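Note that the chains are named A, B, C, D, E, F, G and H in the order they appear, and that numbering of residues resets to 1 at the start of each chain.
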């Protein structure tokens, strides 16, 4: 019964976390960008589900893996896996 | 324009007040009887507008002319004129 | 032979016409007759004339209201005015003689117009409370359609619990019933 | 001679098909033609394909929607799927070549199916923002029903306040328009 | 000198005795209202709306222009009048069923929008006109035609706290009070303040009046008073809940 | 190990991405709700009702049985379900228009009757689905499609104080709170307590969630957050207004 | 459902509102939702007295909108549920009834018609025919039984529940204030006694198991995004309705075989019509009476068969042409002269019908 | 009313909802009451922008019930008032409309029909015909104009106010989602320019002077105590309605003079019908089109005249027989074959009509 649904996605490996943006879910609202405490999210060249830019961490340094972006995303388009340091 | 409406009535002269019961208005609810502080109201032989007994002071003594019965009557069926003593 | 008898009982709220009607149709029903009873009602809970429309028949009954009644009983001045419309040449119209100032309003097209002193008799001979039972007697006698025994059974059913407490009440009621019958018999 | 030209423009919410439609019909109206434009709308504020149904004619126009369009312009994969139904043998079907993986979904019953690289051109040659103006040029050229001057007036009316602030914008828009016309001319 | 009934001036004599039952509280509420209108000298400005419920029996009660509306809809009808004719003083008169059940969306929204009308609601703990069914205001344990075994608070909750609800959503410039027919003078004063609130264009005004329904309560006069004076106040607190402050003082 | 989206378990993957606009607060409220359902482990017991309003877009949102009802009518539909099937956990999900305007009679009467259901209301200060008209919750001065010159409090009053109103009419055993999508964890906890109130058969539960509507507010992400976090709380106080006390302690 | 509320069959004498309450008990109704309105109040009064004894439930709602929608909720959750109303209450209930039509919620609504338009009277009328058959923004995908006696009120109330659940369309019992308030005799019975099986109910939401794990969730909606989508849905609904129609239409003919004059009437007016026909026949006038019992679906073929043979038709109703519209639509193409005897908001007696017919 | 909102006459290109707002301004409307619903929202959007400029008012109510009743209040107080709605909102407004019928409150309601039943779609339909003509517990004592173009939307909105106030019956402008949302050209004008006089309004309550002193009070009610009383009231209402009817019925004939096949359609479908007739004629088929403009009162005589000459009738509507019922009732007795082309909730084009006719 439970089907496996796969959304388009983009895994970005940063220093402290594995940042996965599901471009198949991201609507480009930008709420996450505003809420990132590390101010590390930017618009991506990858397009989201509505053809608007998705997001990504600007580099491998900034993301602390706090998961705030994931929490505030109304579409659950971000999954953060904090790396064990 | 303002028409004069006359209701059936019964004037009862008591010692301290002129008690007028408009039998054409009295529905015999008994609210006044309960509220009379002097406990002087009783059912009358006169019938009210619905064919049920109207009220009257039981004698010429009890009524103090306080007007409570008049205040609590939902049909404005009692008019009290206190006599100047 | 009358197949269906149509009765309109009308009075003021407190006069108990609906109870009378209720007991009468109940009796007819228990007797195996067809009976249909509908009270009138309007927006007011009290006030206004109370009318009971009854029909009793050997067969299934048609419309619940009717144009003309076989019997009209009116117990107040307003009731007289309200029920005149149900009178035609075959109607017996009964009113209480206690009602004042309605002489000119009484129907002129009825088969019979009968004044009966039910209220007076109730007050003087029996008890004001059984006024409506006298009226029931009147109605039964005037239509002659329900067996007296059936009425008594219905009365018993309705008031039996009171009769238990005070058996003299049974007597009073049955007397009132008989008195009502008498009143009509005298006049017819 | 075509009396009434029927156009369906479809794209994603942000692609501006409704503005294009609005300006086109406005231009036609100003030119003295009859024009009728109705957007599609559903319960969702965003999401879902946005379709603009336009008709331009010399005469009063009948029903606001139509069975088959003379021109369909589809700007996304979902738009292609949604608008295929409006295609018949007289329809010119235009889509943006930027759309991926729709080759199999393109209509096969159209008069012409034209892929145009409007988005690419907008991005590379002009500015992504004027993508829809290119599309307008495409639509005008494909139908040849509205005077270019009328379109320019309508554009001016709509965006004049912006052109005031930045006159280079006027140029950009007019260039985009011309580029759209060109694109079609090349293909037809 | 001929003696005339002690009726408030705005009462229309031609339609008296009125159509309410013997001992009905509506008569007393309308007495308080009549006196209030008289004392404020606004009889010529009033538009009176009455609901369906026994309040409809007041459709020809006063010498003021009157609209008898639908069950629960008096608030919007009077709102409509007031919005169109701000020079009128609009009174919406209703029962608890009309105000707290079927018309409660109108009551709470007129209150939030701060409509410049006066709502007067007679709370008699039941649906009078339809023969005594449970109302939102029916007291716990009270028997009615639709709570024949007594209102079960586990099943249907506690009586609606109407003025409390209205007070919670109105701003400072509104007037909210609960009076009782057991104190007609106080009730009249509450109604006067409510009308004054409207006349000052200050805000929404609302007066609930604890009222009696001897017919459906099946009470005699003594029990009627006891119910109004002793039982009802256990659940409904009489008093003013909100009185307007001067305009300057408004803030949120 | 394959990475999957960080979605609450009850979210139905097949219908994602959901149909709400980019940045819409509904997604966040439903995220909090999804987590609450998951943490309470009651997915198999839920009957979810959504209103007309953007909330209708959640008609196929969860892996729970769902009824999409009429505008304002989700409260009665869920009440109807709960009364017939007390073993179910019923959630009525709606916007401020559905709850405070057209459905307010249902809200206040379900609250007074202490219906054992949970109402969750997304307050976005406007009518989202219909394109951004004034709602009872529109802020003073705020421009909407039907208050194009800004909401004039003189004309249309102050924003509805929903939880305050519900708190004023519910008994102690009810749960009433106002959360915000700016604090999803807190919102989830409020919703959990609301559901727990229902599961305990204690009483009515109500959670208003301050929510965003960037589409009709015409705000970018920054302004959306600013509006939710700074402007709205000036009028709407976040917090719990009523939490159930143990059964024994109930009195009126 | 331990004790059966009615054992066997028995003759009783009661008001129509009481009849409805007993019928609902007999039909194994689980719950009633309602809001007071005259003349249906006593349905609730009796129900609230009887229901707890048989473990049935009741909810008094805040208005008829809520009564309609809570009833929808009750049915969706798999319970046999009904409501009762009249006049302006019926007007308000239309919103919920359109949802019931769209989502095929098999609820039952009892209507005791009162005078209209507006608040009008609390007494009697046949002015809610159009609304009960076609109310709201829809296409009247409902089943409407118009009853004329207490026996029918009992029989058809039970039937309404069965038909609703069998075919999954909302069903209406259309009575009136007379039927509601009058007393007459009838037989009430345990349906099993008559071989009537009570159709099983089932839940639309709140099923067992965890959706998405053990089973698919039930996602029910009444909103569609495009015209095309909606058109398909409505066409499907209409098709299913029309398929059902011939199986459930009901009607009665009284002396129509050789009738020159046919009185068409429904509900309680049928009693006057029947009596009138009898009298007229006694007087040598070949009168007959056709009575639709289901107003929706309407017995089109059956009435046409009667009409074809008649020389004159009379539509008699306590309304201003509401039955007439159902009739003219059903028999379009016929050309027998058609007269109207309208008495909106007032009863019709046999006597007046006889007089009317003789005066034609 | 200092500045006239429209000076003279001018050609414009706008949506139907904007047209309604301008028409209401031109008709000297004092106040609009309304609740949002698609597809009529923009009537309110335009009105709220324009009204303050011309000293007109607006109130957004809590629901359509309130919108209906506040509109009643506005009119009762002597102001020209209207409301606009659609679909389920129209269903809810019926309660107030029955009061308007009973008390003869000359309000105007604009309906932009959307799909039904239930919430259905927000787009388009002709499924609110029965409800708009006959909704609620009443007898349909209303005036209903079904428009088909922006020009008509403008003209008939103005007319609706005038007719309502002249005859004192509630008037409805029946549009639809297409008309609401599409843009096309039309001429808007100052009614005076066309010799249209705006009928004066007057108050029913809130008159000058002290009642009981200077004048009698106005006591308005909608409730009566007996059947007889109500019957008289309704008969009187019906009589006045029927007296008015011939003065206000409107209709259009397109090539019906010699038509074998007559398409009957109303509202926006008339455009498809007209175009279809043209095409069919070009192809040698003698087609014609009859269009009722007033659906209530219905142009009975006029349609009968057309029908009598035809060999085949087709009722074409974006609904399931709602227009048909008006037609069959109006032409009862005729026997020309009648076909139905139903598309509930979806638009109808000339092309499909042509195809359908040719396929018959």
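Convention: contacts are C-beta pairs under 8 Å (C-beta built on N, C-alpha and C of every residue); 3 or more make two chains touch, one makes a residue touch a chain.
Because the structure is a prediction, the values reported are computed rather than measured.
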{"item": "Shared interface partners, meaning chains that touch chain D and chain E", "value": "F, G, H"}
{"item": "Contact-richer chain pair (by C-beta pairs counted) among A-D and D-F", "value": "D-F"}
{"item": "Between chain H and chain B, distance of the C-alpha-averaged centres to the nearest whole Å", "value": "58"}
{"item": "Rounded Å distance between chain F and chain H, as computed from the means of their C-alpha atoms", "value": "38"}
{"item": "Cα-centroid distance, chain C relative to chain D, in whole angstrom", "value": "85"}
{"item": "Two or more partner chains touched - positions in chain G", "value": "38, 62-63, 88, 95, 99, 103, 118-119, 121, 123, 212-213, 222-223, 225-226, 347"}
{"item": "Chain C residues counted as touching two or more neighbouring chains", "value": "40, 42-44, 46-47"}
{"item": "Per-residue multi-chain contacts in chain E, two or more chains", "value": "20-22, 52, 56, 68, 70, 101-102, 104-105, 108-109, 129, 131, 136, 156"}
{"item": "Complex interface listing, chain H residues touching chain D", "value": "13, 38-39, 121-123, 149, 178, 181-185, 268-269, 271-272, 274-275, 347-352"}
{"item": "Footprint of chain F on chain E - complex, ascending", "value": "100-105, 108-109, 112-114, 136, 140, 153, 156-161, 164-165, 167-169, 171, 235, 252"}
{"item": "Complex interface listing, chain E residues touching chain B", "value": "3-8, 11, 13-14, 16-18, 20-28, 31, 181, 184-185, 214, 220-222, 224-225"}
{"item": "Chain D partner contacts - residues on chain F that touch it in the complex", "value": "19-22, 54, 56-57, 128-129, 131, 215-216"}
{"item": "Chain H residues touching chain F - in the complex, by the definition given at the top", "value": "35-38, 41, 44-45, 48-49, 52, 58, 60, 62-64, 88, 118-119"}
